[in-house]
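Residue numbering begins at 1 within each chain, and the chains themselves are lettered A, B and C in the order written.
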Amino acid sequence: MSQPLLEITNLGKRFGGFVALEGINLTVQRGERVGLIGPNGSGKSTLVNCVCGTLSNETGSVYFDGQDMNGLSAHQRTHRGMARSFQLPRPFGSLTVQDNLRIPLLYTVNARAHTAADTQTRSHLSPAEIDARCAELLGLVGLADKADKLPRDLTQIEMRKLELARAMAADPKLLIADESMAGLSQSEVADIVALLIKLNERGITIILIEHIMSAVMSFSQRLVVLVSGRKIADGKPEAVVNDPQVIGAYLGQ
Amino acid sequence: MRTPIFFIVALLCGTAVFGAALWSGNDYIFYAGYVVLHFIVLATAWNILGGYCGYVNFGSAAFFAIGAYSTIALHKLGTNISRYFPDAIAPVAELIMPLPIPVLILIGGCIAGLVGLGTGYLTLRLRGAFFAIATLALAVVLQTLVVNWEFVGGARGAYVIAPQTLSIGNFELRYIHYLAFIMIVLVVIAITVARLIERSRLGYGFASIRDDELAAEACGVPTLRLKLIATTISGALMGMAGAPFPYYINYLDPASAFNLSYGVNSIAMPMIGGTTSWMGPLVGAIIIATLQQWMTVTFSSEWGVLFAGALLIIFVILAPKGIVGHAQDFLRRRRQQAGANR
Amino acid sequence: MDFTLLINALIAGLLLGGFYAAVTVGISVAFGILDIVNIAHPGFIILGAYIAYIVNQSFGVDPILIAVVVLPAFYALGALTYQIYYLSFERYGQEALRGLAFFFGLLFVTEVALILVFGVDYRYVQADYIDRVFRFGPFAIPMRMLIPCVLSLLMVWLLHLYLSRTFTGRAIMAVSQDQQALRLMAVDPIRIKRIAFAVSIGTAALAGAFLIIIQPVEPSVGREFIGRVFAICVLGGLQSLPGTVIAALSLGVIESITTTYAGPSWAPAVAFGVLLLTLALRPAGLLGR
């Protein structure tokens, strides 16, 4: 299976006169662990938005699993196997933590069960199975005791864990974690990295967007650096962090 | 409680209320009660799109009037068969016309539902604010069309004379009692539908759209499709509430059918009663509509409508969860305290 | 083809359009810049019209003068309204449902309150110039339309200058794009928004005076303007004042021609029809934010 899972070609996005992304080329192979780093405002989240369909790109193309994503809405791309967490958590405020996880289970996992097009045949989850899956996911991120709480009762850190769990609930082929670890302690960071590596071993391709370099280095098989909307480095982590351009633009600070 | 059981229980309660009203011998209860009942349907219908999905509809009057004017148009056709139907079809028309009210309700509901679907399709891709304004635009455009449509009376209005009684077998029912009972059935249908949605996968989807549409899309919720479903169901129920109205009021003109008070009431009642549960619009409609009837009789109809508008503003600012919402909060806190004290 | 009729309809349309610009500019600020869907704006305008009516009736003062005097009160009213809106909805992110319901309630309560106080009869003001008509050849320019039109365009131009040349004005334009940057400059974005909203309601005082000079008013007239205002906003581009003026003039002309050739009973539908068409056919320009 040499066909890459995600192929971004010459992606460009502007907001009025402001060029957020320009000429982005990125290929992600199945099963890879890619780290994406760069200064604030360099366009990382914009890139995620364009890939996932929340924003539409003006130039370039996004091919996922061999299919052109052009014209597909965000929910259609999620059905095809993408999932992402938002950099600023966007929980469903009137639903409990557990019910937040129900949404992707009901609307992505169960929706896929009806599409023959999906190569990963999943069976339709019964309500009991959904409950079990929710509990399992909450346990994985350490939110098991908060299942019945509302998002407004959670701390920022707990909300980020909920974001990650919700993305995981969609049973994706590609998981994009956007700054899920901000504010976590050393051991919590290590826990989440271990969790992501375990997910990766199960077959999920992961793109990790982070500022916490320890996490990025221990997690990534490949490192991509974005500065001012352009990709300036893409390669093995050790090589990238020693690249003078990268040090000058981001790491040296 | 499973849905079919809920439906039967609600129907039995409604029938009991109906029976009590009959026994009282006071027909005024039926005339005033009809108004309260059709507002319950309107409020419940509004809440499916507004409270559950978070999309405000200012044009409830439009959907209500679609139901009413479908009835007027069909009534006109039915009472003038020789004039409007070619001879070939006339005998068939004679047989089925005038259409019974339940059929008119279905037709009114279908047309209103389709209009809701169409409006939604045109505007739901935009922000909620544009959808809200579009619904207001729809109400004005439809009103202008009806004002210029001579067949249903135009600006002068139309008369719809209902029989005094209805015979079912050997049993004779006064027409107002028949209308009131139909409305009770419609109320039961509306709250059953609302409750069914609340507890279903659809209800979760609606809530996710209301809370954060962008995140809902990212989670795989087909937001446009769900919004269209909500708009269609909501519009259809409002049309169904409007269909029997001409037979109740006997004379209808566009100014009354498209009255903005329908728009305000259908927003005020759920927001005051509570938007997160099927009980909210029910409670809100009963309280507001009853008080409005009293105010209309004691002062004037404007006072009744002013009351609803003022209460809407106050509740939206001070008690956003509505009566039912705050009551549920209160009960939950009592339970938590009781649990903590044990 | 009766050219006189057509030209007079065009003139009336342009004059009306100029006035529509004054009506819309308040929404351009509130909705276009602050993202506040103030559908109660026409209610404030009608309120202004009735205030002009009362004072004009009792003391014979020119309505525009009344509006200028009353402007600070409307400014204060706008500031108060924004404060309530912000404290109750905006800071919780509840504007979509509750904020809309709030403004709808305001619009409605204003209309019904006016009905209760003044009844549904049409009211009008008296001033010397109202009945005068400029005639040249077969063409007529009524003063009651020319003066409000000219003053409306003047008001819009002054607002444009304010927004582009003064510090506060530019802060208002900036608040829609980057609140964080404003904070870094030690400017409180909430205060800026409050000023902006207060200004938008201030324009309603003047627009109300213009309205009652152009035509007699009764409480439900405000509702017709909701469609016009949002149609113009959407057509003209939400943040562009020049675009608003062009769209306003265009709508005035379309309405005037429709009324002249198809009759006044179709007039209310024109603006709303234009709005529905625009929303339906131009989604790309209006999707999301």
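Going forward, a contact is a pair of C-beta atoms (placed from the backbone, for glycine too) under 8 Å apart; a residue touches a chain by one contact, two chains touch by 3 or more.
Everything numeric here is computed off the predicted structure, so don't read it as measured data.
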Worksheet item: What pattern do the touching chains form: line, ring, star, complete or other?
Response: line
Worksheet entry | Remotest chain, chain C as reference, centres from CA atoms | A
Worksheet item: Could you name the chain whose CA centroid falls nearest to the centroid of all protein CA atoms?
Response: B
Worksheet, complete the sentence: Averaging C-alpha coordinates per chain, one finds the centres of chain A and chain C separated by a number of Å equal to 46
Discussion item. With centres defined as the mean C-alpha position, give me the chain B-chain C separation in Å.
Written reply: 33
Worksheet item: Mind pulling the chain B residues that touch 2 or more other chains?
Response: 210
Discussion item. Show me the residue ranges of chain B that touch chain A in the complex, using the header's touch definition.
Written reply: 201, 204-205, 207-208, 210-212, 214-224, 276
Item to complete: Can you check the complex and tell me which residues of chain C touch chain B?
Response: 31, 37, 39, 84, 88, 94, 96-98, 100-102, 104-106, 108-109, 111-113, 115-116, 220, 223-224, 226-227, 230, 234, 265-266, 268-269, 272-273, 275-276, 279-280, 283, 286-289
Worksheet item: Hey, which residues of chain A end up touching chain B in the complex?
Response: 52-54, 73-75, 78-79, 83-84, 86, 90-95, 99, 102-104, 106-108, 110-111, 166, 169-170
Worksheet entry | Of chain B, residues touching chain C in the complex | 50, 54, 56, 58, 122-123, 125-130, 132-134, 136-138, 140-141, 143-145, 147-148, 155, 210, 260, 263-264, 267-268, 271, 275, 300, 302-303, 305-306, 309-310, 312-313, 316-317, 320
